[in-house]
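Read through the structure below, which is laid out as structure tokens, and then see the notes.
Chain nomenclature is as follows: A, B, C and D, assigned in order of appearance, with residue numbering initiated at 1 for each chain independently.
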Amino acid sequence: MQVAVRAALDYAVAAPSSFVFNIAAAWTSRQNVLQETLHIEPAGMKAVEAPATRGDNRLLRVEAPPGDCRIVYEARVELSPQIARAEALMQTPFSQLPDDVLTYLNPSRYCPSDTLARWALREFGATAEDGGRVEAICDWIGGRMEYLPGSTDERTDAVAAVVQCAGVCRDYAHIGIAFCRAMGIPARYVSGYAADLDPPDFHGFFEAYLDGSWYMFDATRMAPKERFVRIGFGRDAADCAFATIVGPAQLMSMEVSAQYLGGAECGRHDAAISTA
Amino acid sequence: MQVAVRAALDYAVAAPSSFVFNIAAAWTSRQNVLQETLHIEPAGMKAVEAPATRGDNRLLRVEAPPGDCRIVYEARVELSPQIARAEALMQTPFSQLPDDVLTYLNPSRYCPSDTLARWALREFGATAEDGGRVEAICDWIGGRMEYLPGSTDERTDAVAAVVQCAGVCRDYAHIGIAFCRAMGIPARYVSGYAADLDPPDFHGFFEAYLDGSWYMFDATRMAPKERFVRIGFGRDAADCAFATIVGPAQLMSMEVSAQYLGGAECGRHDAAISTA
Amino acid sequence: MQVAVRAALDYAVAAPSSFVFNIAAAWTSRQNVLQETLHIEPAGMKAVEAPATRGDNRLLRVEAPPGDCRIVYEARVELSPQIARAEALMQTPFSQLPDDVLTYLNPSRYCPSDTLARWALREFGATAEDGGRVEAICDWIGGRMEYLPGSTDERTDAVAAVVQCAGVCRDYAHIGIAFCRAMGIPARYVSGYAADLDPPDFHGFFEAYLDGSWYMFDATRMAPKERFVRIGFGRDAADCAFATIVGPAQLMSMEVSAQYLGGAECGRHDAAISTA
Amino acid sequence: MQVAVRAALDYAVAAPSSFVFNIAAAWTSRQNVLQETLHIEPAGMKAVEAPATRGDNRLLRVEAPPGDCRIVYEARVELSPQIARAEALMQTPFSQLPDDVLTYLNPSRYCPSDTLARWALREFGATAEDGGRVEAICDWIGGRMEYLPGSTDERTDAVAAVVQCAGVCRDYAHIGIAFCRAMGIPARYVSGYAADLDPPDFHGFFEAYLDGSWYMFDATRMAPKERFVRIGFGRDAADCAFATIVGPAQLMSMEVSAQYLGGAECGRHDAAISTA
């Protein structure tokens, strides 16, 4: 299955500024970047891609002179996800979690899972220890929250969002991550492109570690996750900004799109999907 | 119906200190203090009672010299509460609320009802606009919370307590007040003595304004509220400390008791009770 | 000294809504409303003023039918403030504070003074126990904070504002109140009209209880406080909303103005001023 | 220079429990573990050390049966730190920070540096862009905070601690990290053994990334940092628990010690020290 993605970002730069972009599609064994182009203006400016291991976040570093700055990323991506029924994916016992996965049980800036321990147990303590538990968390979030742009900002953590019963995709993901961690399931934030997202934008969702792999979940249910193209991952949105800027630069406009190009799909929109 | 109450407080005072005690039973048209005594040591020390209108908090002001300081309050109180079925008490429309009651719709230190607006609507939006709504809030709190001494402290507000699903009577009351206000029902904190409370202690509960009167509610359901003897009221526990101290004085021991002395009861423990 | 004030508020009302306005100038022994008019549209709609004791908040209650709703309040006010040097006003010892003033030492929704106790002592513990301490608090706030509209919202309390070093008049007042209370000085929020405020708007400031009276302080120093016309007061901004609305009504436009009409001034802009 | 360290932990295990200990001294090019022993009881129980790259946290995983469980770790460690004057260490410009260091600029659970951005600039904006800035941050923390065991708990983040002006080593480190990040200096939490710490305990401090290396800083100034033996590091204390437990096990007693065994020291206690 193929998806075409594109992001075009325009900045007004008042003085020399440093950018780190995290907008390029990740390379994984299940997500193959068939073709990609990066266009930047002004012409002399260079985007340096950090050497990344397979699966890592691909960081583009740009030093921008004063003036207008434009960066356009386009890619065609082949997805061949691992597919499973969520209920068939066992929650890995703590004693068997790989060492490098343990960190995704820890509370983080936007996912203070420690604060939600008792609440998690109340809501999900009776669910079976498998991927169905993560689906139950997503259902619960979807039922509780109102998708309300403007109701949260870059300070809002999962607790504030779940208390106010409103947020956007990033908040939905943070709440999902926090409850998963509180229930002993490692979880991490993923940024990406999502075909059929309306209005088009970067998307934020999350992955839970089940049966030895990272599986995608999206409590917003706003778009079919089998068509998600992953960009970056981290503990929460703090690790996945599409642009980190040091200097007086201002985003003037942003266009993001993702288009499903056809090809075999997994066939079941409710399947558990892994492209990690 | 009569209840005997007693509070004995011992302090070690390192340097001259000012106390304001709020431990005396309130005088209201439905709570008659038949007899009361105040014993203080050292003998020369004076407790000055502020002149209070009927129903007001009765503040005892004490200037304590260095040394040991002991205050013992005892009273016999006659209760003749107004009794009703909660469902029979209509929620007063905003436009008809008395001016001096409006303030109990505002958020306060421990009851930031503004933060819980959407949550309140989610949980209680479908309940009828009467006292049954307040009972539903109490039931919900009782079902959600674990009564866990030590889980909260004097900083904990209703939001922190409801998120962590644990607290003590004061937290239960704060949560009840916050949800009532969020649903348009004026609510205030009440401190008091509670017969049959185990272990004996001062108790914290709340009142909701329904059908022209303030009715008592207690989400802990730890003791029969018809035997509660009211002391003080306010927006939240910040207004109802049993002792406010300015100076280096330390509480060394505290004994609180309340004993039901017999007499006609309202007959139904689930009735709505007003002694305000 | 006379000041003319005016507030014109336009609402779009989608369904019958209840309003409580708190925009009328207070009557006190030092603030005399020489003349005032209230104009409301549609014509049939009534504004009922609650009977208020001298000095109280004057609440105007309006039941608005669907459609456009307009309320215009105009007044000419004579100010004859009590004037003093801040340093000449003693901080009243706790033991001598009137009972009804004690409540303004308690933490409130936006002024959680308990949280700031040690910080207050660090910054202001060495100042003399008089009105100069309140001036020192105002100076400190002015030096620390950036006046930045949009940096705070209706959820922001004094702690959040002082941590982020930015806010608006309401935040400046909340911080001042919180630090005063933490230092044992009763303090309350005041809303009002302020001549020479740019841009014109309702203003929020605070009063501290010193030497038996409430004196105005304004950490923003944006306008001369001797020309402030008081509207309402309370524990914090939660008690002083210019409009409380129950129903689907939306503020479409608002004009506020205050104009100094001449007359004797106190002569020193840095004097302590009381109109309470 | 050599330091001997020891940690003895006793648990009462009510049902089979999983432990991950992070108490072993790290191996780095500047910290050489000359000799170490691990003693565990009951005898049959195994501690599995995760294979760690040089410098990584060394995790010991233990599956404990019901009953008493005891783990004793002892090591003799050779330290050969990199030493410099703090002012001689340049702050690395954002554009030149290695990719894997960028993450330590992000806010984390206990170090919400985003919230402190403006405050950081106010306090440290005028300091030179070198290690002296980090020393200035440590001085500021030491001057502001009261070291007060019991004043914070495992929920307390840097903002809560800095507001209340009290905390313990962990809080001092969190505040230091948060302000460093806010000033553009990557910073991370380090747990370790500290010779001469009184009372003896695990210690928490932090490292700042300067001139291509991680240098240790300790705002508590409670012990000479050149004798610190590093255990683990991470974004904040959430990543550095000495024991993570899944199961009903309770810590019954804990003894921690570190003893300076002599050998060449860096000679200046105020030098910048790196053992990373």
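Methods note: a residue touches a chain if its C-beta (ideal position, glycine included) is under 8 Å from a C-beta of that chain, and two chains touch if they have at least 3 such contacts.
Just so it is clear, the model here is predicted, and its values are computed rather than measured.
Counting the residue numbers that touch the partner chain, subunit C and subunit D have more than half of them in common.
Annotation, subunit B versus subunit C: rotation angle of 180 degrees from the Cα superposition, expressed as a multiple of 5. Averaged Cα coordinates give subunit B a centre that lies 30 Å from the centre of subunit C. Inter-chain centre distance (subunit A to subunit B, centres taken as mean C-alpha positions): 47 Å.
Mean C-alpha position of subunit B lies 45 Å from that of subunit D.
Subunit D has residues 115 in contact with two or more other chains. Contact topology of the protein chains: cyclic, one closed ring where each chain has exactly two touching partners.
Shown are all chain pairs that touch, namely A-B, A-D, B-C, C-D. Taken in their complex, subunit B has these residues touching subunit C: 18, 20, 50, 52, 59, 61, 63, 93-95, 99, 102-103, 106-109, 112, 114-115, 154-155, 184, 234-235, 238-239, 244, 246. On the subunit A side of its complex with subunit B, the touching residues are 115-119, 122, 144, 146, 159, 162-166.
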